[in-house]
Amino acid sequence: MAISVGILGATGYTGAELIRLLHSHDKARITYCSSRQYNGRNIADVLGFFKGSFDILIEDFDAQAVKNRCDVVFSCLPHGTSMDFISQIADAVKVIDLSADYRIRDIQTYHDWYGEHTSANLLKTAVYGLSECYRSEIKTSSLVANPGCYPTSILLALIPLLRRGIIDPAGIIIDSKSGVSGAGRGLSLTTHICETAESFSAYKVGRSHRHIPEIEQELSSAADCHVTVEFTPHLIPITRGMLSTIYVHTDYDENELRECLNTFYQDSTFVSIFKDGFPSTKDVRGTNRCLIGLTKNKTTSRAVIVSVIDNLTKGASGQAVQNMNLMFGLPETEGLASLPLFP
Amino acid sequence: MAISVGILGATGYTGAELIRLLHSHDKARITYCSSRQYNGRNIADVLGFFKGSFDILIEDFDAQAVKNRCDVVFSCLPHGTSMDFISQIADAVKVIDLSADYRIRDIQTYHDWYGEHTSANLLKTAVYGLSECYRSEIKTSSLVANPGCYPTSILLALIPLLRRGIIDPAGIIIDSKSGVSGAGRGLSLTTHICETAESFSAYKVGRSHRHIPEIEQELSSAADCHVTVEFTPHLIPITRGMLSTIYVHTDYDENELRECLNTFYQDSTFVSIFKDGFPSTKDVRGTNRCLIGLTKNKTTSRAVIVSVIDNLTKGASGQAVQNMNLMFGLPETEGLASLPLFP
Amino acid sequence: MAISVGILGATGYTGAELIRLLHSHDKARITYCSSRQYNGRNIADVLGFFKGSFDILIEDFDAQAVKNRCDVVFSCLPHGTSMDFISQIADAVKVIDLSADYRIRDIQTYHDWYGEHTSANLLKTAVYGLSECYRSEIKTSSLVANPGCYPTSILLALIPLLRRGIIDPAGIIIDSKSGVSGAGRGLSLTTHICETAESFSAYKVGRSHRHIPEIEQELSSAADCHVTVEFTPHLIPITRGMLSTIYVHTDYDENELRECLNTFYQDSTFVSIFKDGFPSTKDVRGTNRCLIGLTKNKTTSRAVIVSVIDNLTKGASGQAVQNMNLMFGLPETEGLASLPLFP
Amino acid sequence: MAISVGILGATGYTGAELIRLLHSHDKARITYCSSRQYNGRNIADVLGFFKGSFDILIEDFDAQAVKNRCDVVFSCLPHGTSMDFISQIADAVKVIDLSADYRIRDIQTYHDWYGEHTSANLLKTAVYGLSECYRSEIKTSSLVANPGCYPTSILLALIPLLRRGIIDPAGIIIDSKSGVSGAGRGLSLTTHICETAESFSAYKVGRSHRHIPEIEQELSSAADCHVTVEFTPHLIPITRGMLSTIYVHTDYDENELRECLNTFYQDSTFVSIFKDGFPSTKDVRGTNRCLIGLTKNKTTSRAVIVSVIDNLTKGASGQAVQNMNLMFGLPETEGLASLPLFP
């Protein structure tokens, strides 16, 4: 019997990506979609390319309807709103929250970066949904905080190395680049094709991007000490794709680092370490994969690690489906096995 | 038991697209891949993003090996070479040829546009693989000539209307636009990103593109008279996608034309007629669908029909898989049901 | 002494393009810029890339200030608003209007396509600013209606042929494609990079685009008979560039058509006819040029003519500067001689 | 009287960019263009968009012809070949070499990264052509080694800070991103639009890019100590534009760093420091400008500096023309004053 799935905020990019992935998922069917903006319309009228393939009436959020009709709910709502709605349903259905609301364990840190937290009790029960690193916790959780896209690309590369203690937790520099879909479907000059195409820029330079506390929380936990990072996000004029170039000090050589990662991910289908060379974002477009390449620069005693994901898939909706699979005892790859669109 | 599939010329764009689609096909498995250029290498070394998901040793073409190990073969070879190889195996395996070699029924016409035809006997047995229009013939065929991308986008829009006689077969003008992947993986300034990005151009203007005889053959057959078309292809600086804008004289109104198409495609999952508005190429990216919009201009007595496909999927490898499904009695949508990558 | 130039609506794409062109113009200096939205700010704060190169205080529109400080005014305002403002200043300064307000000579036609016309008297004095075709009228005019981008690309190709009577004025079909900057700087999903990049679509298919009456007015005048056209615009996922593919019946051969165009444009620097082959939009990017290629299809008795311009330059601000040069007795190419940005 | 200019290797991207810039230069005219590949053809036949604006016969390299007809020669030849040709003419004409041949002062270092150096005597006379930093030396030089694109974007940001000693010369990390035109007009899968568009990747990660010795030579000179950098180049799927994100340790605050740069560049038109915010590559497209933004992260005691240039203009041909202006006593901005193409 199929899992009944609800999606809150179904008409944005992560909602649409969830629908795309679940459409190919043999064990789940979408029974509920909400959107304040498009309440009362059919989703195939809002996202026209669904026509003939998938359709469902979009409803306004109703806690009782969710409880009656869903086994699990994905929330694609913005932070703040997300915990407001989730706190009304989390007693009755499993929840995977794609917002930041349950990612930050320290409530003061959440307050500093995002604002007041109104769901402290639930927060204590949430599991950080970086699938490959918290698999067993996710399996038994009923509230998963799905990681941010930047953190996913960074943490998958660094957590195994920090847990093993073979890179220096101090002085980590992360230079990340993201496709524009990460900015969502909202309208601004930043997403106007004439302003963004054929351009490249940095944004939120310095200690200002909200993913920093999430990254530092998880790196600190892996290193078992307080970790501070330098993090600079950039905007690539492409729709999907994220690449993080990470600079770390280490006394270990390239093979030792690679071996550490290979061992950690030996049972993880979605994470692969390149034997040589470096991945490009197109290698993972539309897939739930994370590809990692690395080299050791002997002159500087630094390792340079390059990690790529699709920000909407492994960086959001794909990892959310992977977490659902874990929570329901399904094979982790169910609905997520497709090859990238090439070319 | 799965169908054993061989792919000749597996490392080009249509070959890679076949692998992507067959990877999600429950009833087929790839048992043979050939490529002269990459003979002896693993395909996951040539197309790196396959690594961890799919791999097979690339071989040089060997007729006996094909016969031993394949139930069906897709040929992604260039015309000329394709019939040379197919004629060595067609007695023993089913063949779907993505080249032009078996599309043109009149051997003199083939000669005029492509050069000498060396496989005349086999040509007589070939079926033109426009799935929705020749479904029953394809089901019983063992050699299918898979249509060209431009013809597919055009014929699906026009054949039903011409068969019913509700548009004028004279004076048809077709203005088509294709993504660059249609030019293949070969290197030229035309595919150099710095020359092609942020540009748009027409090519082979006038009576010069080789898809013209294929289009005219099928339109003539549908109209039951000799049809001549004006056809202008253009290059869009995108990877995948094809849009044909078609101008035809007609005394019928918009609803009658739409009704004719709707009736014709009522049992065809992959072809949809818009009730209003017009499709964009992104609506079908990576899918096997053809979307059609139309309007009647009363001032000019012309209908304007807009048809979109993904040139590599419905325009090549997707339709080829659809034809395989028909030839093997499988559901037509097997392996082809995925939603487009959005955004 | 330099011409003092005012720009109304200076912060949109055509305004910014005017500033770019006038910045390299030896005989003009910008003395006045208005914008309701950015009133009171410096333009180099609004369009940051001007910083260090060009700056001026943006003002709200004030008729007296315009009259005091400008010899000529370019209006980049939307239609309707444009004539409201122009009618307050046209008695004292020369005006080049980039909106549609003074393009349509028949006031009822304007009403049918755009709405009420409130400046009928001034309309009678306006000259249609297709520089190469109305050079002498423009030279003595004080109110020039700068042509639309689509009309410019189409009329430059067809007017000489219709005036000479060597193509059939009936049955003309125009399939045009435009870069996204033609849609302006306003925000909508149509200009969201994630929705538009890697896509291609038709819009306003049938008798619905507002450039149709402008095109037909000028073609009728050139042919000296009532001309009706079929016109379909499309959106190319590039910023700048416009290509029109035009289908006309003719009994004349390719050389006769080319010769006619060559003769007409022999003294026109900006319009060039290809001896063979066809232009691409990148050939003219950022320039005021129009390049035309053509062929005769003997099978269909049709000529296919391909015309490219930069929609913001020859299609808008470049032609406006060219008209200013004509109106002030300057060399036509002043400020407009630069080569395209390649690659 | 105009300067007579020769261009060796005129048909590549830097050659074409030189022609574009010199076409708007009032004091120079191109009298000689060479290309082995296109020898004997007109350049407007090779680069079609020049037609009607600029043309010249392409010749094979001939030292005597160069000496007879040129006051200055730009070499756009590959390294190795460039010094072979330059050594035949440098006694008689001024030379600006866009290759790496005269950039590296230490001949052993050149050998390690590029191969044998065959023009050691001339090397001793060459001046490194980073215009803003070596202005007086360039003015009196007759052989200028025009800097690489990456070094230009990096050195302009760091040299003033290192000379003043307000950043730590140890531990500098440079994460650079370049448009594809930097790879030149040659054909490879890396420049195939279908492989590169909608993708992003790192390349030559670790101590492998040939610009490293050039960067380190100049930083060492500025810091007056041996400087080693971490440098990672990336490929952006755009044609023009380069952005370097630079991480340095410093005890100084943001205002002190900015003030240092502002003072250094107070008389330099082409380099501007943002008061706040960060530049994007589109801000400088087609211009000779370098824009720099920076912030100090107090948590990490690091400054993050973002520098953008157009890799073909300030990163190659624009700076070369700027150097020509210096060498001939012309205003530095002659031919280089145009605004960026926006949008």
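Order as written gives the chain letters A, B, C and D; numbering starts at 1 within each chain.
Note that in this section a contact is a pair of C-beta atoms (placed from the backbone, for glycine too) under 8 Å apart; a residue touches a chain by one contact, two chains touch by 3 or more.
Note that the structure is a prediction, hence the values are computed from the model and not measured.
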| item | value |
| --- | --- |
| Duplicate of the B-D contact set - from B-C, A-B or A-C, the pair where over half of the pairs recur | A-C |
| A-D compared against C-D, more contacting pairs | A-D |
| For subunit A paired with subunit C, centre-to-centre distance based on mean C-alpha positions, whole Å | 46 |
| Distance between chain centroids, defined by C-alpha means - subunit C, subunit D (Å) | 36 |
| Distance from subunit D to subunit A - Cα centre to Cα centre, in angstrom | 39 |
| Residues of subunit B whose C-beta touches two or more other chains | 13, 181, 185, 194, 197-198, 237-240, 279, 282, 285, 343 |
| Residue ranges of subunit A touching subunit B (in the complex, touch as defined) | 13, 16-17, 19-20, 23-24, 47-54, 181, 185, 197-198, 239-240, 269, 272, 277, 279, 282-286, 289, 337-343 |
| For the subunit B and subunit C complex, residues of the former touching the latter | 171, 173, 175, 177, 179, 194-195, 197-203, 205-207, 228-230, 232, 234, 236-241, 243, 245, 247, 278-282, 285, 293, 295-300, 302, 304, 306, 343 |
| Of subunit C, residues touching subunit A in the complex | 13, 180-181, 185, 187-189, 191-194, 196-198, 237-239 |
